[in-house]
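One chain, chain A, links the two complexes that follow: it is found with chain B in the first and with chain C in the second.
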Partner chain A sequence: MSSAVHRRMLKEYMAIQKNAATRPHLELLEPIQEDDLLHWQAILLGTADSAYEGGRFKLDIVIPTSYPIQSPTIRFVTKICHPNVHFKTGEICLDILKSEWTPAWTLESVCVAISSLLTNPEPSSPLNCDAANLLRCGDTAGYNSLVKMYTALYATGDCDEE
Partner chain B sequence: MASYYDDHSLEDPFKARKKTSNPYGGSSFNPDLSHFMPREETESTSSSPSSRLPSASGPAVADFRRLAEMFGVFREREEPLGDEAHQEFLDNLITQLMDEAGASGKHGPPPASKSFIRDLPFVPQKDLKRDEACIICNENFQENESRAGVTKLPCKHHFDRDCIVPWLELHNNCPACRAEVPSDDPEWNRKKREAELAKYAAEAEVDQDWMYS
Partner chain C sequence: MAMHQFPLLVQWSSEPEIYHGFLSVMDRELEICIEMPGTGAGRTGSTLTKAGPRNASKNILSSRIGCISGSEELKEILSGQETQLQQKMEEAKDMASFLVELVDTLEVTMSNRSAKGDKERPLRYWTHVMEQLDALGWDRVTLVDQDLSRVQIELCDASQRKHLITARFPPAYPTMPLSIAPLEIPVCEDDQLAAQHGLNMGGLSSKQGIGLEDVIRQAEGQLEIFREFWDVMQDFDERTWVIDPEKPTRADKVRRCALGNHCSIQVTVQPLSPRSMPDTRLFGPTASIEPMRTKLYQNAGLWDVKKLPRENLEVLLELESGFPSPISTNKDDINVGCGICYSFRFEGQIPDQLCSHVKCQQPFHRACLYEWLRSVPTTRQSFHTLFGACPYCGETITTSAPKT
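Here is the complex of A and B:
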C-alpha cells in the first residue's frame, strides 16, 4: 500500500513540474525534502484585486499512507484571516478535504480549490467567526480591510520565516 | 476554541458540565489549569482512565475533541511565554486530535454494499482504450500486469479492482463522477427511499396540475 502511494505521488510530482506555467496562483508546490513524498509545502499567491493581493501564503501538506483513498491534511502555515480557516491552527474547512473527497482530486487541484476558496469564502461554516460575522452582516468594507491588514501583517514578507 | 461549538450549533460539553456539576464556580469557560485538573479527576471516577485512550473498541469522537480542547487550554496559557517550538508542537497535536475526531466520525457517504463489491464485473483488456489510466493510482491499465484486473461501476467508469475496492469499502460512490452505488447502510437506504417518494409525489402533483388546469 505504501509503495502505491509513493508511485502516485511521484506521478503527481512529475505532472506538477510539467504544468508549472499554467497555475498563476500557485507559486510553489513541492515535497519539503526530495526523499519524503508524503510531506509537501505549497505557496499560494493572493489574487490580484482581492483583499489578499500581494500576500504569499504557505501551506503544509501531509499525505496519509492511505492516500488517495483518504484526503491529504492541509493547513495554512502563514497566518491568514479567512472565514473558513482557523486563525491559530491554520486548519481549513473545505468539503473536498473532508466529506466530499474523492481519489480523483490531486494535490494540484486541491491547491487550486483552496486558492479559489480565498476569494469565495463560505461564511455559513466558519472557523474564524469574526471574519465570518463581518461577511454575514454585509460589512464587506470592514471585512476587506481586516483581511488586508492581516495580509500586510503576516503574508507580505518572506513566508519561509514562519 | 470554545467558539467551535457555537459555530456548529453544538452544545459545548464543557459548559454543560460546568452548569450542572462544576463545584469551582464561574459560568464562563475559564482556561485555567486549576479549574481544569480537578474536573479531570472527577471525570475519571465515572469512567476508567483507560477508556479515554484510543482503544480497539473505538474511541468516542467527543474524547478526541475534549483532549484537543485540553491542549488548546495549555496553548493559550503558554502563548505569552513565546516558546514557538512548543506552540507549534501543541498546534500540530490539536490539529491531529481534531482530525482523529473527524475521521472516526461519519465523513462522506457510507460504504458500498458487500454484495455489490463482491459482484464487481471483470472488464477485459480489449474494452479498454490504449491510453486509459486508473484515476486512483494514475497508472495506465496496460502498464501493469500483476493486478487483479480492471472493473467498472454502473456509471461505466473503469478502475483497477485493487484500487476501487478499498474506496468502496469506505464510500458508495464513484470517485470520478460521484454516482451512487448500493449500500447496506440503513440510514442511507431510508434517506434514498424518502427522496424517491418525494420525487414521486412531486411528479404526481405536476400530473394533477396538468389535468385540472
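Here is the complex of A and C:
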C-alpha cells in the first residue's frame, strides 16, 4: 500500500498547486521536505471580522502509510485558543479527522474544514474547557477578547516560534 | 638462446637480437615481436620500428631481458594481466623461459573465454548469414546482434502496419536450420476455419535449406490473413478510448472501449472473420447499461458486414456522436480515477466498482473499496460480500473480496 499512498499524495500535491489561488484562508500547504510526501505543513489565516483576524496558524500534518483508509494526523503548532483545540498539544477535535473520516476527503478539504472550524466552534465536545465554558455561558464578548489576546500573543509573529 | 621451442619465431637480427613471428596457442596464431638487448653493445633502446608488426602500437611488456610487442589481438587477450606478467618477466631467467609462461597464460585466458560461449564462428557461418541478409535486403533489417546470431526484421503489411520478426542463427548454421520467433498473431479458437486458411498455428516452418527470404515470405502470407483483423482493431484503437488492455499487442483480440458516464463495452473480435458481429459485454451502473443492452439486441439486425465493427456498434447502440474518442474527448474525462487511491490503473486493475447512486457513480478499484469498507466498523458482511457506505455519498455500496 505504501506505493499507493505516494501516488495519491502526488496527485493531491499537483491538485493543491493548481488550486492555489482559490483558497483565501490557506496561505500554505506543502510537504516540509520535497522528497517526503508523508509529512506536510500548512498555514491557516484567521478570517477577517473574526477574533482570529491577523493570526497565522501553522499546522503539522502527518500522513499514515495506510492513508487514505486512515485519516491524516493534524495538530496546531501555533498556540491557539479554541474550544476544540488542545491548548498545549495542539490536538484538534474534529469528527472528520476521527470517526467521520472517509477517503473522499483530501488534505486540502480537511484544511479548509479546520479553517471553518475556527469560526464555527463546537463547544459541546471541548478540548479547551475554559474557552468552551465561556461560549456555553453565552459570554461571546469574553470569549472573543480571550481569543484576540491569544492570537495577538502567539499568532501574529513568525509562525515558527512555538 | 633456446628459441627453437617456438618454430614460428624467426630471428631478424642478432645485434640487437630481434625475433618476429607467431605464438601458436589453441589453434590460433598470435603475432609477436621480441627484442633482446645485445650482449656487448650495451644498447638498451628499442629499435622495434623496423621489425615491429605492422599494427603494433607500443610495447606490451618490457624488462631487462628485453621487450615484447604484438598485434592488437594479443594485446586484447592480455589486457588486465599486464602487471602479473610484468612481474613474471622480471623474475624469468631468460626470454625463452618467459615465453613458455606467456603461452601458458594465453592458453588459460583463451580457454576461459571460449567456455563463456564467446566462440569464434566459422567463416562458413558468416558467409551464409550474410548471403541470406543480402538476399533479403538490408533495409528491412532493424536490429542485429554483434555476432549476427539474432536479426530483427521489419515486415510491413498491406495497410502499412509494421511487424517485427526475429530470426536466430545457431552457431552451426547452415547445418542447423535458423529459428524464427513466432509472429505476434491472435489465437484462433476455430481450428477448422484456421485450417481452411492454411494457417499453420505451430509457427513458421524453418527446415534445413529454407532460406530467410522464404521464411519472410511465409510470414507475409500470415500477415495478409490477419490484415483485415488488424484493420478492425486499429480502427478501435484510433477512434475510441480503449481502457483495456493498456498497451494492446498484435495478438490481443479484446478491446474495452469507453462509452462515457462510467460505462464501457468489451468487444472480442474473431480474428478470421473480424467484420462479423463480435462478442460484446457491457460494463457500468446497471441503470445505464440496461437500456444499451436492450438496444444491442433490438438493433442486431442492422449489423452490416461492409462496415467496420466500430461503426456498426455506434449504429446498434444509437450513439449519435459516436464513441468518445481521443479526437473528441479528453482522457481524464473518460479514465476517471478510483475515489480512494486516485489512480486509474492500480496493480493492473481499473476502477470497475461503481457507486450505484445515480448522482454519485464514483468508481473504485475493488481492492481499494474492499480495504476501506473492511476498516469501517459499521460495514456488515454476508458471506464474501461487504455492505457499507460509499465514501463519497454515503449510500449503500457493496463489494466482494478481490481475487488474490
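One rule holds for everything that comes next: the second predicted complex is superposed on the first by the 162 of 162 C-alpha atoms of A that agree within 3 Å, B and C clash if a C-alpha of one lies under 4 Å from a C-alpha of the other, contacts with A are read in each partner's own complex, and residues count from 1 in each chain.
Quick note on the criterion: contacts are C-beta pairs under 8 Å (C-beta built on N, C-alpha and C of every residue); 3 or more make two chains touch, one makes a residue touch a chain.
Here the structure is a predicted model, which means the values were calculated and not measured.
Engineer: Just from the overlay, do chain B and chain C fit on chain A, or is there a clash?
Structural biologist: clash
Engineer: Which of the two partners, first being chain B and second being chain C, lies in contact with A:Ala48: first, second, both, or neither?
Structural biologist: neither
Engineer: Contacts for A:Glu100 in the overlay, against chain B (first) and chain C (second): which applies, first, second, both or neither?
Structural biologist: So A:Glu100 only meets chain B here.
Engineer: Which partner does A:Cys137 contact after superposing on A: first (chain B), second (chain C), both, neither?
Structural biologist: neither
Engineer: For A:Thr73 in the superposed arrangement: first (chain B), second (chain C), both or neither?
Structural biologist: It touches chain B, and chain C stays clear.
Engineer: Contacts for A:Ala20 in the overlay, against chain B (first) and chain C (second): which applies, first, second, both or neither?
Structural biologist: Neither partner.
Engineer: Could you say whether A:Leu153 touches chain B, chain C, both of them, or neither, answering first, second, both or neither?
Structural biologist: neither
Engineer: Report for A:Leu127: first if it touches chain B alone, second if chain C alone, otherwise both or neither.
Structural biologist: First partner only.
Engineer: Between chain B and chain C, whom does A:Lys88 touch in the aligned arrangement: first, second, both, or neither?
Structural biologist: A:Lys88 contacts chain B only, not chain C.
Engineer: Is the number of chain A residues in contact higher for chain B or for chain C?
Structural biologist: Counting residues of chain A touched by each partner, the higher count goes to B.
Engineer: With chain C in view, single out which of the stretches 6-14, 60-68, 168-176 or 186-194 of chain B clashes with it after superposition.
Structural biologist: It is 168-176; the other listed stretches have no clashes.
Engineer: Shared contact residues on chain A, chain B side and chain C side combined as an intersection?
Structural biologist: 4, 7-8, 11-12, 68-69, 102-104
Engineer: Spell out the part of chain A that touches chain B in their complex, as residue ranges.
Structural biologist: Residues 4, 7-8, 11-12, 66, 68-69, 73, 75, 88-91, 98-104, 125-127, 129, 132.
Engineer: Mind pulling up the chain A residues that touch chain C in the complex?
Structural biologist: Those residues of chain A that touch chain C are 1, 4, 7-8, 11-12, 68-70, 102-104.
Engineer: Within the complex, which stretch of chain B touches chain A?
Structural biologist: Listed in rising order, the residues of chain B that touch chain A are 3, 6-7, 75, 91, 94-95, 98-99, 102, 107-109, 135-139, 163, 166-167, 170-171, 173, 175-176, 178.
Engineer: Applying the document's contact rule, which stretches of chain C touch chain A when the two form their complex?
Structural biologist: Chain C residues touching chain A: 337, 339-343, 346, 368, 371-372, 375, 391-392.
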